[in-house]
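Following: one structure in C-alpha coordinates, then a few remarks.
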(Lines give C-alpha, C1' and ligand atoms only; values in the text may rest on other atoms or scores of the structure.)
Protein backbone atom coordinates (compact mmCIF):
# COMPACT_ATOMS: atom_id res chain seq x y z
CA UNK A 1 0.00 0.00 0.00
CA UNK A 2 1.37 3.41 -0.88
CA UNK A 3 1.18 6.20 1.66
CA UNK A 4 -1.13 7.98 -0.74
CA UNK A 5 -3.40 4.95 -0.58
CA UNK A 6 -3.33 5.14 3.19
CA UNK A 7 -4.24 8.81 3.19
CA UNK A 8 -7.12 8.19 0.81
CA UNK A 9 -8.41 5.28 2.89
CA UNK A 10 -8.25 7.39 6.02
CA UNK A 11 -10.00 10.30 4.39
CA UNK A 12 -12.69 7.90 3.20
CA UNK A 13 -13.46 6.78 6.74
CA UNK A 14 -13.07 10.27 8.22
CA UNK A 15 -10.13 9.47 10.44
CA UNK A 16 -6.77 11.17 10.96
CA UNK A 17 -3.64 9.16 11.63
CA UNK A 18 -2.87 8.96 15.32
CA UNK A 19 0.14 10.64 16.77
CA UNK A 20 0.85 8.37 19.72
CA UNK A 21 2.36 4.96 20.35
CA UNK A 22 1.94 3.27 23.71
CA UNK A 23 3.96 0.18 24.53
CA UNK A 24 3.30 -2.19 27.42
CA UNK A 25 6.64 -3.92 28.01
CA UNK A 26 6.01 -7.10 29.96
CA UNK A 27 8.30 -9.83 28.61
CA UNK A 28 11.72 -10.00 30.20
CA UNK A 29 13.68 -12.18 27.78
CA UNK A 30 16.65 -10.50 26.12
CA UNK A 31 15.24 -10.57 22.58
CA UNK A 32 12.09 -8.57 23.39
CA UNK A 33 13.98 -5.47 24.52
CA UNK A 34 15.12 -4.92 20.93
CA UNK A 35 11.63 -4.20 19.48
CA UNK A 36 11.00 -1.94 22.50
CA UNK A 37 14.03 0.17 21.54
CA UNK A 38 13.24 0.09 17.83
CA UNK A 39 9.54 1.02 18.11
CA UNK A 40 10.21 3.76 20.66
CA UNK A 41 13.06 5.21 18.64
CA UNK A 42 11.20 5.04 15.30
CA UNK A 43 8.02 6.58 16.72
CA UNK A 44 9.87 9.39 18.49
CA UNK A 45 11.97 10.16 15.42
CA UNK A 46 8.72 10.60 13.46
CA UNK A 47 7.43 13.13 15.95
CA UNK A 48 4.96 10.80 17.65
CA UNK A 49 4.29 10.74 21.39
CA UNK A 50 5.79 7.54 22.75
CA UNK A 51 4.64 6.22 26.12
CA UNK A 52 6.20 3.06 27.57
CA UNK A 53 4.80 1.15 30.54
CA UNK A 54 7.24 -1.33 32.08
CA UNK A 55 5.76 -4.24 33.99
CA UNK A 56 6.20 -7.97 34.59
CA UNK A 57 9.66 -9.43 34.20
CA UNK A 58 10.72 -6.43 32.11
CA UNK A 59 11.19 -4.43 35.34
CA UNK A 60 14.48 -6.25 35.80
CA UNK A 61 15.87 -4.50 32.72
CA UNK A 62 15.49 -1.11 34.39
CA UNK A 63 17.05 -1.58 37.84
CA UNK A 64 20.28 0.07 38.96
CA UNK A 65 21.44 -3.37 40.07
CA UNK A 66 21.99 -5.11 36.73
CA UNK A 67 20.13 -8.35 35.89
CA UNK A 68 21.14 -10.35 32.85
CA UNK A 69 18.00 -11.00 30.81
CA UNK A 70 17.66 -14.65 29.77
CA UNK A 71 17.45 -15.66 26.13
CA UNK A 72 14.16 -17.41 25.20
CA UNK A 73 14.71 -21.11 25.84
CA UNK A 74 13.51 -22.22 22.39
CA UNK A 75 16.12 -20.11 20.61
CA UNK A 76 19.00 -20.20 23.10
CA UNK A 77 21.25 -21.97 20.59
CA UNK A 78 20.99 -18.97 18.25
CA UNK A 79 22.11 -16.40 20.84
CA UNK A 80 25.84 -16.30 19.99
CA UNK A 81 25.23 -15.90 16.24
CA UNK A 82 22.66 -13.15 16.83
CA UNK A 83 24.94 -11.24 19.20
CA UNK A 84 27.65 -11.48 16.53
CA UNK A 85 25.21 -10.32 13.83
CA UNK A 86 24.15 -7.32 15.89
CA UNK A 87 27.75 -6.25 16.41
CA UNK A 88 28.64 -6.82 12.75
CA UNK A 89 25.67 -4.71 11.64
CA UNK A 90 26.39 -2.04 14.25
CA UNK A 91 22.88 -2.32 15.69
CA UNK A 92 22.66 -0.04 18.73
CA UNK A 93 21.86 -1.72 22.05
CA UNK A 94 18.18 -1.44 23.00
CA UNK A 95 18.85 0.96 25.87
CA UNK A 96 20.75 3.31 23.56
CA UNK A 97 17.75 3.35 21.21
CA UNK A 98 15.39 3.96 24.14
CA UNK A 99 17.63 6.78 25.37
CA UNK A 100 17.49 8.38 21.91
CA UNK A 101 13.69 8.09 22.07
CA UNK A 102 13.68 9.76 25.48
CA UNK A 103 15.84 12.61 24.15
CA UNK A 104 13.03 13.15 21.64
CA UNK A 105 10.32 13.12 24.31
CA UNK A 106 9.44 9.45 24.96
CA UNK A 107 8.32 8.68 28.51
CA UNK A 108 9.06 5.52 30.47
CA UNK A 109 6.67 4.63 33.29
CA UNK A 110 7.10 1.70 35.64
CA UNK A 111 4.10 -0.27 36.96
CA UNK A 112 3.45 0.48 40.63
CA UNK A 113 1.76 -2.87 41.31
CA UNK A 114 4.59 -4.96 39.92
CA UNK A 115 7.16 -2.74 41.64
CA UNK A 116 5.42 -3.54 44.93
CA UNK A 117 5.37 -7.26 44.14
CA UNK A 118 9.11 -7.24 43.41
CA UNK A 119 9.92 -4.95 46.34
CA UNK A 120 11.30 -2.20 44.07
CA UNK A 121 10.97 1.55 44.61
CA UNK A 122 11.60 4.49 42.25
CA UNK A 123 15.13 4.89 43.63
CA UNK A 124 15.92 1.28 42.67
CA UNK A 125 15.44 2.07 38.95
CA UNK A 126 18.00 3.59 36.62
CA UNK A 127 17.70 6.90 34.81
CA UNK A 128 15.71 5.46 31.90
CA UNK A 129 12.67 5.49 34.20
CA UNK A 130 10.58 8.67 34.54
CA UNK A 131 8.10 7.62 37.20
CA UNK A 132 6.15 4.81 38.87
CA UNK A 133 2.44 4.86 37.99
CA UNK A 134 -0.63 2.66 38.20
CA UNK A 135 -2.08 0.75 35.26
CA UNK A 136 -5.16 2.99 35.16
CA UNK A 137 -2.96 6.04 34.58
CA UNK A 138 -1.25 4.24 31.73
CA UNK A 139 -4.52 3.09 30.15
CA UNK A 140 -5.72 6.70 30.25
CA UNK A 141 -2.45 7.90 28.68
CA UNK A 142 -2.68 5.27 25.91
CA UNK A 143 -6.15 6.28 24.75
CA UNK A 144 -6.45 7.27 21.13
CA UNK A 145 -3.14 5.88 19.92
CA UNK A 146 -1.59 2.70 18.67
CA UNK A 147 -0.82 0.14 21.37
CA UNK A 148 1.69 -2.70 21.51
CA UNK A 149 2.03 -5.36 24.19
CA UNK A 150 5.54 -6.80 24.05
CA UNK B 1 3.39 14.26 28.71
CA UNK B 2 0.62 15.97 30.66
CA UNK B 3 -2.99 15.05 30.00
CA UNK B 4 -3.47 18.61 28.79
CA UNK B 5 -0.72 17.97 26.27
CA UNK B 6 -2.51 14.84 25.13
CA UNK B 7 -5.78 16.70 24.64
CA UNK B 8 -4.05 19.42 22.66
CA UNK B 9 -2.27 16.88 20.47
CA UNK B 10 -5.54 15.06 19.83
CA UNK B 11 -7.36 18.26 19.03
CA UNK B 12 -4.55 19.15 16.63
CA UNK B 13 -5.00 15.94 14.67
CA UNK B 14 -8.80 16.01 14.92
CA UNK B 15 -9.15 12.77 16.82
CA UNK B 16 -11.07 11.85 19.97
CA UNK B 17 -9.71 9.35 22.45
CA UNK B 18 -11.12 5.91 21.88
CA UNK B 19 -13.43 4.30 24.33
CA UNK B 20 -12.67 0.64 23.74
CA UNK B 21 -9.95 -1.83 24.62
CA UNK B 22 -9.78 -5.19 22.88
CA UNK B 23 -7.45 -7.87 24.19
CA UNK B 24 -6.47 -11.03 22.34
CA UNK B 25 -5.37 -13.43 25.09
CA UNK B 26 -3.24 -16.15 23.51
CA UNK B 27 -0.36 -16.97 25.86
CA UNK B 28 -1.07 -19.59 28.47
CA UNK B 29 1.79 -19.13 30.92
CA UNK B 30 0.78 -18.11 34.44
CA UNK B 31 2.40 -14.67 34.35
CA UNK B 32 0.47 -13.40 31.32
CA UNK B 33 -2.93 -13.75 32.98
CA UNK B 34 -2.00 -10.90 35.35
CA UNK B 35 -1.85 -8.15 32.67
CA UNK B 36 -5.11 -9.53 31.27
CA UNK B 37 -6.79 -8.94 34.62
CA UNK B 38 -5.14 -5.58 35.17
CA UNK B 39 -5.86 -4.12 31.72
CA UNK B 40 -9.46 -5.39 31.71
CA UNK B 41 -10.11 -4.08 35.21
CA UNK B 42 -8.45 -0.70 34.63
CA UNK B 43 -10.23 -0.12 31.32
CA UNK B 44 -13.64 -1.11 32.70
CA UNK B 45 -13.19 1.04 35.80
CA UNK B 46 -12.56 4.01 33.50
CA UNK B 47 -15.83 3.42 31.66
CA UNK B 48 -14.28 1.91 28.55
CA UNK B 49 -15.73 -0.99 26.61
CA UNK B 50 -13.50 -4.00 27.23
CA UNK B 51 -13.64 -6.97 24.86
CA UNK B 52 -11.49 -10.04 25.51
CA UNK B 53 -10.90 -12.81 22.97
CA UNK B 54 -9.45 -15.99 24.48
CA UNK B 55 -7.50 -18.26 22.15
CA UNK B 56 -4.41 -20.47 21.99
CA UNK B 57 -3.14 -21.97 25.22
CA UNK B 58 -5.04 -19.36 27.23
CA UNK B 59 -8.23 -21.41 26.72
CA UNK B 60 -6.98 -23.73 29.46
CA UNK B 61 -7.38 -20.93 32.00
CA UNK B 62 -11.13 -20.79 31.40
CA UNK B 63 -12.22 -24.43 31.59
CA UNK B 64 -14.39 -25.85 34.37
CA UNK B 65 -11.82 -28.61 34.73
CA UNK B 66 -8.87 -26.71 36.23
CA UNK B 67 -5.47 -26.68 34.49
CA UNK B 68 -2.46 -25.30 36.32
CA UNK B 69 -0.81 -22.74 34.03
CA UNK B 70 2.95 -23.25 33.72
CA UNK B 71 5.40 -20.53 34.68
CA UNK B 72 7.58 -19.29 31.76
CA UNK B 73 10.63 -21.54 31.70
CA UNK B 74 13.16 -18.67 31.66
CA UNK B 75 11.83 -17.24 34.93
CA UNK B 76 10.69 -20.38 36.74
CA UNK B 77 13.21 -19.82 39.53
CA UNK B 78 11.47 -16.53 40.39
CA UNK B 79 8.00 -18.04 40.78
CA UNK B 80 8.03 -18.61 44.58
CA UNK B 81 9.27 -15.07 45.34
CA UNK B 82 6.69 -13.54 43.00
CA UNK B 83 3.83 -15.55 44.50
CA UNK B 84 5.01 -14.38 47.93
CA UNK B 85 5.21 -10.76 46.73
CA UNK B 86 1.69 -10.89 45.30
CA UNK B 87 0.28 -12.16 48.59
CA UNK B 88 2.29 -9.64 50.61
CA UNK B 89 1.03 -6.79 48.44
CA UNK B 90 -2.54 -8.12 48.45
CA UNK B 91 -2.69 -8.22 44.68
CA UNK B 92 -6.00 -9.75 43.62
CA UNK B 93 -5.80 -12.95 41.54
CA UNK B 94 -6.22 -12.31 37.82
CA UNK B 95 -9.63 -13.98 37.69
CA UNK B 96 -10.92 -11.74 40.50
CA UNK B 97 -9.80 -8.68 38.50
CA UNK B 98 -11.42 -10.05 35.34
CA UNK B 99 -14.63 -10.72 37.28
CA UNK B 100 -14.62 -7.10 38.49
CA UNK B 101 -14.19 -6.01 34.88
CA UNK B 102 -17.13 -8.19 33.85
CA UNK B 103 -19.28 -6.66 36.59
CA UNK B 104 -18.57 -3.32 34.90
CA UNK B 105 -19.48 -4.64 31.45
CA UNK B 106 -16.39 -6.36 30.05
CA UNK B 107 -17.11 -9.27 27.71
CA UNK B 108 -15.10 -12.48 27.41
CA UNK B 109 -15.32 -14.35 24.11
CA UNK B 110 -13.67 -17.70 23.40
CA UNK B 111 -12.25 -18.54 19.96
CA UNK B 112 -14.40 -21.06 18.12
CA UNK B 113 -11.54 -22.43 15.99
CA UNK B 114 -9.24 -23.12 18.92
CA UNK B 115 -12.16 -24.57 20.93
CA UNK B 116 -12.69 -27.03 18.08
CA UNK B 117 -8.99 -27.90 17.96
CA UNK B 118 -8.94 -28.59 21.70
CA UNK B 119 -12.27 -30.41 21.66
CA UNK B 120 -13.92 -27.86 24.00
CA UNK B 121 -17.53 -26.65 23.88
CA UNK B 122 -19.23 -23.67 25.56
CA UNK B 123 -20.39 -25.95 28.41
CA UNK B 124 -16.77 -26.90 29.13
CA UNK B 125 -15.90 -23.29 30.04
CA UNK B 126 -16.46 -21.62 33.39
CA UNK B 127 -18.70 -18.63 34.07
CA UNK B 128 -16.06 -16.08 33.09
CA UNK B 129 -16.85 -16.91 29.46
CA UNK B 130 -19.74 -15.14 27.70
CA UNK B 131 -19.74 -16.92 24.36
CA UNK B 132 -17.79 -18.78 21.69
CA UNK B 133 -17.22 -16.70 18.55
CA UNK B 134 -15.12 -16.68 15.38
CA UNK B 135 -12.07 -14.49 14.87
CA UNK B 136 -13.85 -12.37 12.25
CA UNK B 137 -16.51 -11.41 14.79
CA UNK B 138 -13.81 -10.37 17.21
CA UNK B 139 -11.90 -8.37 14.60
CA UNK B 140 -15.13 -6.53 13.79
CA UNK B 141 -15.76 -5.88 17.50
CA UNK B 142 -12.24 -4.58 18.00
CA UNK B 143 -12.41 -1.93 15.27
CA UNK B 144 -11.78 1.61 16.34
CA UNK B 145 -10.25 0.88 19.72
CA UNK B 146 -6.95 0.06 21.28
CA UNK B 147 -5.80 -3.53 20.85
CA UNK B 148 -3.44 -5.70 22.85
CA UNK B 149 -2.15 -9.17 21.97
CA UNK B 150 -1.01 -10.87 25.17
CA UNK C 1 -21.92 -5.58 23.37
CA UNK C 2 -24.05 -5.49 20.24
CA UNK C 3 -22.71 -3.94 17.06
CA UNK C 4 -25.45 -1.34 17.42
CA UNK C 5 -24.00 -0.52 20.84
CA UNK C 6 -20.58 -0.17 19.29
CA UNK C 7 -21.83 2.18 16.61
CA UNK C 8 -23.64 4.31 19.19
CA UNK C 9 -20.55 4.48 21.40
CA UNK C 10 -18.41 5.47 18.43
CA UNK C 11 -20.86 8.12 17.31
CA UNK C 12 -20.88 9.45 20.87
CA UNK C 13 -17.12 9.96 20.86
CA UNK C 14 -17.03 11.20 17.27
CA UNK C 15 -14.81 8.44 15.92
CA UNK C 16 -15.16 6.13 12.93
CA UNK C 17 -14.01 2.54 13.06
CA UNK C 18 -10.56 2.11 11.61
CA UNK C 19 -10.01 0.20 8.42
CA UNK C 20 -6.49 -1.09 8.99
CA UNK C 21 -4.80 -3.81 11.01
CA UNK C 22 -1.03 -3.80 11.45
CA UNK C 23 0.70 -6.81 12.90
CA UNK C 24 4.28 -6.92 14.16
CA UNK C 25 5.24 -10.60 14.01
CA UNK C 26 8.24 -11.15 16.27
CA UNK C 27 7.80 -14.48 18.05
CA UNK C 28 9.14 -17.49 16.23
CA UNK C 29 7.52 -20.38 18.09
CA UNK C 30 5.20 -22.55 16.01
CA UNK C 31 2.01 -21.65 17.89
CA UNK C 32 2.25 -17.90 17.27
CA UNK C 33 2.09 -18.22 13.48
CA UNK C 34 -1.54 -19.36 13.80
CA UNK C 35 -2.92 -16.04 15.13
CA UNK C 36 -0.88 -14.26 12.46
CA UNK C 37 -2.71 -16.25 9.78
CA UNK C 38 -6.09 -15.92 11.46
CA UNK C 39 -5.93 -12.15 12.11
CA UNK C 40 -4.55 -11.39 8.64
CA UNK C 41 -7.15 -13.57 6.93
CA UNK C 42 -10.08 -12.28 9.01
CA UNK C 43 -9.12 -8.63 8.56
CA UNK C 44 -8.58 -8.98 4.81
CA UNK C 45 -11.85 -10.85 4.36
CA UNK C 46 -13.61 -7.92 6.03
CA UNK C 47 -12.12 -5.47 3.57
CA UNK C 48 -9.55 -4.02 5.94
CA UNK C 49 -6.01 -3.07 5.00
CA UNK C 50 -3.68 -5.62 6.58
CA UNK C 51 0.00 -4.80 6.98
CA UNK C 52 2.37 -7.38 8.47
CA UNK C 53 5.91 -6.61 9.65
CA UNK C 54 8.08 -9.69 10.16
CA UNK C 55 10.97 -9.36 12.56
CA UNK C 56 12.86 -11.23 15.30
CA UNK C 57 12.78 -15.01 15.20
CA UNK C 58 9.70 -14.94 12.97
CA UNK C 59 11.98 -14.24 9.99
CA UNK C 60 12.87 -17.93 9.99
CA UNK C 61 9.28 -18.77 9.01
CA UNK C 62 9.66 -16.87 5.73
CA UNK C 63 12.94 -18.13 4.29
CA UNK C 64 13.21 -20.28 1.16
CA UNK C 65 15.39 -22.64 3.19
CA UNK C 66 12.84 -24.15 5.57
CA UNK C 67 13.34 -23.90 9.36
CA UNK C 68 11.14 -25.92 11.66
CA UNK C 69 9.66 -23.54 14.24
CA UNK C 70 10.02 -24.84 17.80
CA UNK C 71 6.98 -25.41 20.01
CA UNK C 72 6.95 -23.23 23.16
CA UNK C 73 8.83 -25.19 25.80
CA UNK C 74 6.09 -24.89 28.45
CA UNK C 75 3.51 -26.57 26.22
CA UNK C 76 5.68 -28.97 24.22
CA UNK C 77 3.84 -31.98 25.64
CA UNK C 78 0.61 -30.73 24.06
CA UNK C 79 2.02 -30.45 20.53
CA UNK C 80 0.95 -33.86 19.18
CA UNK C 81 -2.66 -33.50 20.42
CA UNK C 82 -2.90 -29.99 18.97
CA UNK C 83 -1.52 -31.05 15.59
CA UNK C 84 -4.08 -33.86 15.60
CA UNK C 85 -6.88 -31.44 16.56
CA UNK C 86 -5.95 -29.04 13.78
CA UNK C 87 -6.07 -31.81 11.21
CA UNK C 88 -9.34 -33.21 12.58
CA UNK C 89 -10.93 -29.75 12.43
CA UNK C 90 -9.50 -29.04 8.99
CA UNK C 91 -7.83 -25.85 10.19
CA UNK C 92 -5.80 -24.42 7.32
CA UNK C 93 -2.05 -24.08 7.92
CA UNK C 94 -1.02 -20.54 8.88
CA UNK C 95 0.75 -19.89 5.57
CA UNK C 96 -2.36 -20.86 3.62
CA UNK C 97 -4.37 -18.34 5.65
CA UNK C 98 -1.72 -15.67 5.10
CA UNK C 99 -1.72 -16.43 1.37
CA UNK C 100 -5.51 -15.96 1.31
CA UNK C 101 -5.01 -12.63 3.07
CA UNK C 102 -2.42 -11.61 0.49
CA UNK C 103 -4.81 -12.52 -2.34
CA UNK C 104 -7.16 -9.98 -0.74
CA UNK C 105 -4.48 -7.31 -0.54
CA UNK C 106 -2.54 -7.94 2.68
CA UNK C 107 1.11 -6.91 2.55
CA UNK C 108 4.03 -8.69 4.23
CA UNK C 109 7.12 -6.62 4.97
CA UNK C 110 10.34 -7.98 6.45
CA UNK C 111 12.44 -5.95 8.89
CA UNK C 112 15.65 -4.68 7.25
CA UNK C 113 17.58 -4.46 10.53
CA UNK C 114 16.84 -8.02 11.59
CA UNK C 115 17.51 -9.28 8.05
CA UNK C 116 20.96 -7.73 8.31
CA UNK C 117 21.57 -9.27 11.72
CA UNK C 118 20.62 -12.72 10.40
CA UNK C 119 22.50 -12.23 7.12
CA UNK C 120 19.33 -12.57 5.02
CA UNK C 121 18.50 -10.68 1.83
CA UNK C 122 15.23 -10.27 -0.07
CA UNK C 123 16.15 -13.17 -2.38
CA UNK C 124 16.48 -15.47 0.67
CA UNK C 125 12.77 -15.06 1.50
CA UNK C 126 9.90 -16.99 -0.03
CA UNK C 127 7.05 -15.55 -2.05
CA UNK C 128 4.99 -14.60 0.99
CA UNK C 129 7.30 -11.61 1.44
CA UNK C 130 6.61 -8.39 -0.46
CA UNK C 131 9.61 -6.31 0.53
CA UNK C 132 12.30 -5.53 3.08
CA UNK C 133 11.68 -2.25 4.92
CA UNK C 134 12.85 -0.34 7.97
CA UNK C 135 10.90 -0.08 11.19
CA UNK C 136 10.19 3.63 10.65
CA UNK C 137 8.43 2.83 7.38
CA UNK C 138 6.30 0.27 9.15
CA UNK C 139 5.44 2.61 12.04
CA UNK C 140 4.32 5.20 9.48
CA UNK C 141 2.23 2.58 7.66
CA UNK C 142 0.61 1.43 10.90
CA UNK C 143 -0.63 4.87 11.93
CA UNK C 144 -4.33 5.21 12.48
CA UNK C 145 -5.17 1.52 12.65
CA UNK C 146 -5.30 -1.30 15.14
CA UNK C 147 -1.94 -2.80 16.02
CA UNK C 148 -0.94 -6.23 17.31
CA UNK C 149 2.48 -7.38 18.49
CA UNK C 150 2.63 -11.17 18.28
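Note that the chains are named A, B and C in the order they appear, and that numbering of residues resets to 1 at the start of each chain.
FYI, a contact is a pair of C-beta atoms (placed from the backbone, for glycine too) under 8 Å apart; a residue touches a chain by one contact, two chains touch by 3 or more.
This structure is a prediction, so every number in the text was calculated from the model and none was measured.
Undergrad: Upon optimal superposition of subunit B on subunit C over Cα atoms, what rotation angle is obtained, reported to the nearest 5 degrees?
TA: 120
Undergrad: Pick same or different for copies subunit A and subunit B, depending on whether their interface residues overlap by over half.
TA: Under half shared, hence different.
Undergrad: Roughly how many whole angstrom separate the Cα centroids of subunit A and subunit B?
TA: The mean C-alpha positions of subunit A and subunit B differ by 20 Å.
Undergrad: Multi-chain contacts only, two chains or more: what residues does subunit C have there?
TA: 15-19, 72-73, 146-147, 149 - these are the residues of subunit C that touch more than one other chain.
Undergrad: For subunit C, which residues are in contact with subunit A within the complex?
TA: Those residues of subunit C that touch subunit A are 15-20, 22, 24, 26, 28-29, 49, 51, 55-57, 70-73, 105, 107, 113, 116-119, 134-136, 138-147, 149.
Undergrad: Give every residue of subunit A touching subunit C within the complex, in rising order.
TA: 1, 3, 6, 9-10, 12-19, 21, 31-32, 34-35, 38-39, 42-43, 45-46, 48, 72-75, 78, 82, 85-86, 88-89, 91, 146-150
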